[in-house]
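We call the chains A, B, C, D and E, going by the order they appear; numbering starts again at 1 in every chain.
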Amino acid sequence: MKARLMDRAATVVLTLIAILIIGTLVGLLGFILSQGWHKLNLDFLTSPPDIVNAGGGIGPQLFNSLYLLVLTMLIALPLGIGAGIYMAEYAPDNKITQFIRMSIEVLSSLPSIVVGLFGLLVFVNMTGWGYTLFGGALALTVFNLPLLVRVTEDALRNVPRSQKEASLALGITKWRTIVSVILPAALPGIITGAILASGRVFGEAAALLFTAGMSSPNLDFTDFSLNSTTSPLNPFRPAETLAVHIWKVNSEGLTPDARDVADGAAAVLIIAVLLFNLSARWFGNWVYKKMTSGSN
Amino acid sequence: MSVLTMQDTIIQTNNVNVYYGEKHAVKNISMGIEKNSVTAFIGPSGCGKSTLLRSLNRMNDLVPSCRVEGSIIVDGIDINSSQVNIESLRQVVGMVFQRANPFFKSIYENIAFAPRFHGMTNKRDLDELVESSLRKAALWDEVKDRLRDSALSLSGGQQQRLCIARAIAMQPTILLLDEPASALDPISTMKIEELVMQLKDEYTIVIVTHNLHQAARISAKTAFFLMGEMIEMDETGKIFTSPENEKTEAYISGRFG
Amino acid sequence: MSVLTMQDTIIQTNNVNVYYGEKHAVKNISMGIEKNSVTAFIGPSGCGKSTLLRSLNRMNDLVPSCRVEGSIIVDGIDINSSQVNIESLRQVVGMVFQRANPFFKSIYENIAFAPRFHGMTNKRDLDELVESSLRKAALWDEVKDRLRDSALSLSGGQQQRLCIARAIAMQPTILLLDEPASALDPISTMKIEELVMQLKDEYTIVIVTHNLHQAARISAKTAFFLMGEMIEMDETGKIFTSPENEKTEAYISGRFG
Amino acid sequence: MSHRTEGVNTERQSMIAQKMLTTNKRQKTENITGKTIAMICAGLLVIVVLSITYFIASKGLSTFFVDGVSIKEFLTHDKWDPEGEPSAYGVLPFILGSFFVTALAALIAAPLGIGAAIFMTEIFPGFGKKVLKPVIELLVGIPSVVYGYVGLTLLVPFIREQFDVLGFSLLAGGLVLALMILPTITSVAADAIEAVPQDLRNASLALGATRWQTIWNVVLHSALPGCLTAIVLGMSRAFGEALAVQMVIGNTTKLPGGLLEPISTLTSGITLNMGNTIQGTPYNNALWSMALLLLAMSFIFIVILRLLGRKRLAK
Amino acid sequence: GSGNTAQTPAPAQQPAQEKSSSGSTTKTSGEPVTAVGSTALQPLVEQAAKDFMAKNAGAQIQVQGGGSGTGLSQVASGAATIGNSDIFAEEKKGIPANELVDHKVAVVGMAAAVSPQVKVDNLTKQQLIDIFTGKITNWKDVGGEDMKITLVNRPKSSGTRATFSKFALDGKEEAEGITEDSSGTVRKIIAETPGAIGYLALSYFNDSVKALKLDGMEANAENITTNKYPVWAYEHMYTKGEATGDAKAFLDFILTDEVQKKTVTELGFLPITDMKVERDAEGKVTQK
């Protein structure tokens, strides 16, 4: 009967742990949101920060974060999916493959600051670009690539073998089988993974300190040429993202409302990440349903 | 059987051995398969039926550890020779698997996928082909109003017939069926059996089955395998009434397996 | 045992119904199972054999959606009553599963696992119990020199016998076997069948099987199930030669399933 | 009738043979191009890793080979004064700080994380899968600056008031990191526990073991390598985390003195000084050497993970 | 109150643009100018750049942080047009200071900062040195209440630390304390931790922390411009060789009264034009 007592006790302890964790999370989210809640208005979200006075916003930072995300994904997704396809479908079982696999593992466990320093050396100094959005995007690509490769590989491997056999047995070439049968079936998984990776891009700061920089030029939202310094779309300009902004405001903020701005920015960041997470789930399911319910 | 091949033999295997790494799964099999007839492979689980069947359209190429020795001649050509284009071979030798595996696409797309890939792009032609294939697979009446629905919305038996239609749409000469009805309910099983009986006039069919009664009902010849060896191959009637080998008899009468 | 039960009946089910959520998987089954004999459950896939079997030692408690109605009396006690200690019940009613499931531990530990929990801590006693259980399961000679090896190093058939030994080590009264040989080769299957024949003098055995020949070979009584209902239960000889129900006959003669 | 079929068939026969011998050029090229592209993508990964290693190492090693600092001094001395006369390059305080804060985080997060993993797979799977797991995965996505920020505004003052100390401390860093790696540990461990075959649970329960006995002796026993993997993954994340830690540990360059004392880590040492030092100077190079240490640590973590993985396969 | 803050019109940009369209017409080459470096100086340069570009349509000035070290190395290597620094290039090892031209654009004063609870208002230099070198560890030893002293430092590479240690501590080695890179955090710690002492640029002082007098001298504009209060430093903007084009125009613009009297003062720096003394890299002070 000691056994039954132990059973009870363990159940209680584990339940308490679960409650503790949920409590912490809810507390954490609640705290951040409640602190920043009053800042969540259109003006704060769209106006530029003010260096001297109170009342600045986070418009350019928000834009930078989104733009950086798009740039990163444009570079990282094709590479990640390509490499994922190689790992899942082509990689022979040999030393080279093992080496690639180890490279992926190493990349995924690299501290983001090391990636940032590498970016500083290569994308900032060696290329002579200085701190640029593009350099930041490349650093974040390095950072997200392993995740995307793994997600793609897993998603491809999770497609039932029978799908592949069905296609090959119809005399379809391997590449076409991959592209037309396996990849579509793996899409929900890949999309979910990509959106989760987006959340990481959005929240990353350490790697960006050294690559995209801690400042943002005065963006002119009427100028969309790719090479003007004040054009929002110019990828070769420094760009402070939301996460970096929180870091900077916290450490160097001179304005009287620095704390307020940090609170607001943190809330915006959390909400963005929440949105990414939820949409990842929802979108993945939606694509899956859409695909399996025909009509394509 | 005379020397090695008979008049109407379309597939001829000569001393075929298949290995998975160290494992010798199919041992020294020589057999001829007649054109436009149904041949059944029977035997206990793991005896190598599927392995041999998959060698006939080189699906075993997918298994890295798998090695096939000996020659397999289809229509006079050794399919393992380097001149043979594997994609075209598989168009000629179609295959249907134990578990229905429709693509995660619409019913229409499931059937049109391969022909389109092989160069049929005209919409009208495709429509016709889809219809005729579904008709041959005795599925047309059940699905004609919902060709755009997902293939996964079909029942298990319908899915399996869809897979047969999909194979037929490539206009193969030979159809390999690996236990096509083993996962199905009795009624769907019956439909598949009827379908096989109908198709045998146009196609050469090789079917693997666990169900002895099924083999007896639909095949003209039956081959019995045991632990990788072909124990006996003969007219189905003969195998089930007076087999020559006592192991065959033991299996048929249910003493093991 | 009085009123409801027969002289030698050790398990008596009365109007047992089992539901998985909405699904009615086992319908109104009343049957008696005799002590120290082998009873076989047969029927097509999905007919509820496993579900009924798992109700006998309350393994269905693990399935959240599962609901069992009616009474199941083991040796005069309703096993679903709140007084029954589920762990002790499962000691009395041992179970062996379709797929051998040894723990990722040594052969010795696999067998000593349960007795140790149930209070046997003396090393000498444990050693003895391990040996006697393995002997009863006809495995001792094959493994006695490598008791410390991982159980996963055994072959499939050996693993399955190890699982039987593991169940025996709890010294149960009743052994439930759910298709214990379906994943095994003919030779291992034969060994398991021999084992069951030996054990029946000491234990009451209920075995689910897909293999009609196996049922015919080893059981004293056979129950035939179809879509959740028990169609017929009788002496095995009678079931296989002159069943009363025509559905039973159709199944036995291989017309479906 | 039979004659006609004959005719058709002979015609077809030659067609069949021919068909099998024809190759579609376009398909072949497509096939090869596709494979090549996929291969290049994978190759790029390797190049990235190699160049990161090369660049960081070439910078980091110049401390020893150009500036003449001895590796032994670098790793074992506790005096850090690169601008002093004479300059001293002992990074032991940073190394120990990193190790202690990582160990503390793992000590806190591992039992909680694995406990939560058991809860959501074994005790309450419905709720666990539907609510707890997604919620915990949300935590993975929270940016580390936010963790640091919350640590700075809530945790540090709390510790200060409770213990009448500064607040900036090993403890604060450990707690913030524990919170950060908790989701990683939980979700990886949950996957490992879920992967234990249901068969084994059934076997144990059917032998009359209680649920806890089953979890402890069968499930956890089988999932052990997976759980260790989870912990090591979490630790590797903790070891490399920069901003969140830097905001709460006080960054005092001296050997860690206790739970409530401030410390420094390799990452905070780098972020604090990298921008203020001149490239190519010994000071700057020493920072790169610290980055090289971080890199080496991730290699070590990988090796550990691989060993754990192999152990799992061997089972 | 929050509603009001939110309603303040989108600041600076709009009027600035109007000005630029109507505005004065200095010639600009349109060559992009990058000013990189000191994070302390960054707000000033950013604001000035904003104003400069508003006046001169077509001018492109990019301001980036990164730290003084980064600024100096980038301008020396030619990667940046202007390197912002808190310290003299001569003070950093590894910089070819002779190739760089110094433009001193502002002066920043620094003072020891304590939380308002600390009852001490004035320290002698020796007391300050003793505190920061760890000889004195309790406020009662310098006339305050019985309270432990907690040091809050900047990183060894920091320019603020270099200045403070050179002019307030006579170059004595500080004892180890909490180290924070950023002024915001330092201020926060000092404000919240009883008995803490650190040092901050004057711009960071507000109600939450108190500046200490040094040898009776208050750290204010008057005392600094005359060097009666010695703890101050220049903010430098270096160019490689003489400044040309837009860079020159921009540097000139920063020295105009418009910037010096307004932005510089607003951000808590002292206008360079107000200085009555001059100091070189070695620390030698001469009257102007």
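One rule holds for everything that comes next: contacts are C-beta pairs under 8 Å (C-beta built on N, C-alpha and C of every residue); 3 or more make two chains touch, one makes a residue touch a chain.
For clarity, every value in this text was computed on a predicted model and none was experimentally measured.
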Set of chains adjacent to subunit B and to subunit E: A, D
Fitting subunit B to subunit C on CA atoms, where both chains share a sequence, rotation angle to nearest 5 degrees: 175
Reference subunit B; chain at largest CA-centroid distance: E
Identity of the chain that, by mean CA position, is farthest from subunit A: C
Cα-centroid distance, subunit A relative to subunit B, in whole angstrom: 47
Distance from subunit E to subunit C - Cα centre to Cα centre, in angstrom: 83
Averaged-CA centre spacing for the pair subunit C and subunit B, given as whole angstrom: 37
Where subunit A touches two or more other chains at once, by residue number: 3-4, 125, 173, 176, 250
Contacts with two or more other chains, residues of subunit E listed in rising order: 39, 65-66, 77, 180-181, 185
Per-residue overlap in subunit D, given as positions that touch at least 2 other chains: 27, 152, 209-210, 213, 247, 271, 274, 279
In the complex with subunit D, residue positions of subunit A that touch it: 3-4, 6-7, 10-11, 13-15, 17-18, 20-22, 24-25, 28, 31-32, 78-83, 85-87, 89-91, 99-100, 102-107, 109-115, 117-118, 120-122, 125, 142, 145-146, 149, 173-176, 178-179, 196, 199-200, 202-206, 209-210, 243-244, 246-247, 250, 262, 266, 269-270, 273-274, 276-277, 281
Of subunit D, residues touching subunit A in the complex: 27-28, 30-31, 33-35, 37-46, 48-52, 55-56, 59, 111-112, 115-116, 118-120, 123-124, 128, 132, 134-146, 149-150, 152, 154, 179, 182, 186, 209-213, 215-216, 233, 236-237, 239-243, 247, 267, 270-271, 274, 279, 288, 291, 294-295, 298-299, 301-302, 305-306
Partner subunit B, residues of subunit D touching it in the complex: 9, 12-13, 16-17, 19-24, 27
Residues on subunit A engaged by subunit B in the complex (per definition of touch): 92-93, 160, 162-173, 176, 180-181, 184-185, 291-296
Residues of subunit E that touch subunit D when the two form their complex: 39, 65-70, 72-73, 77, 92-95, 150, 155-159, 173, 176-181, 185, 188-189, 192-193
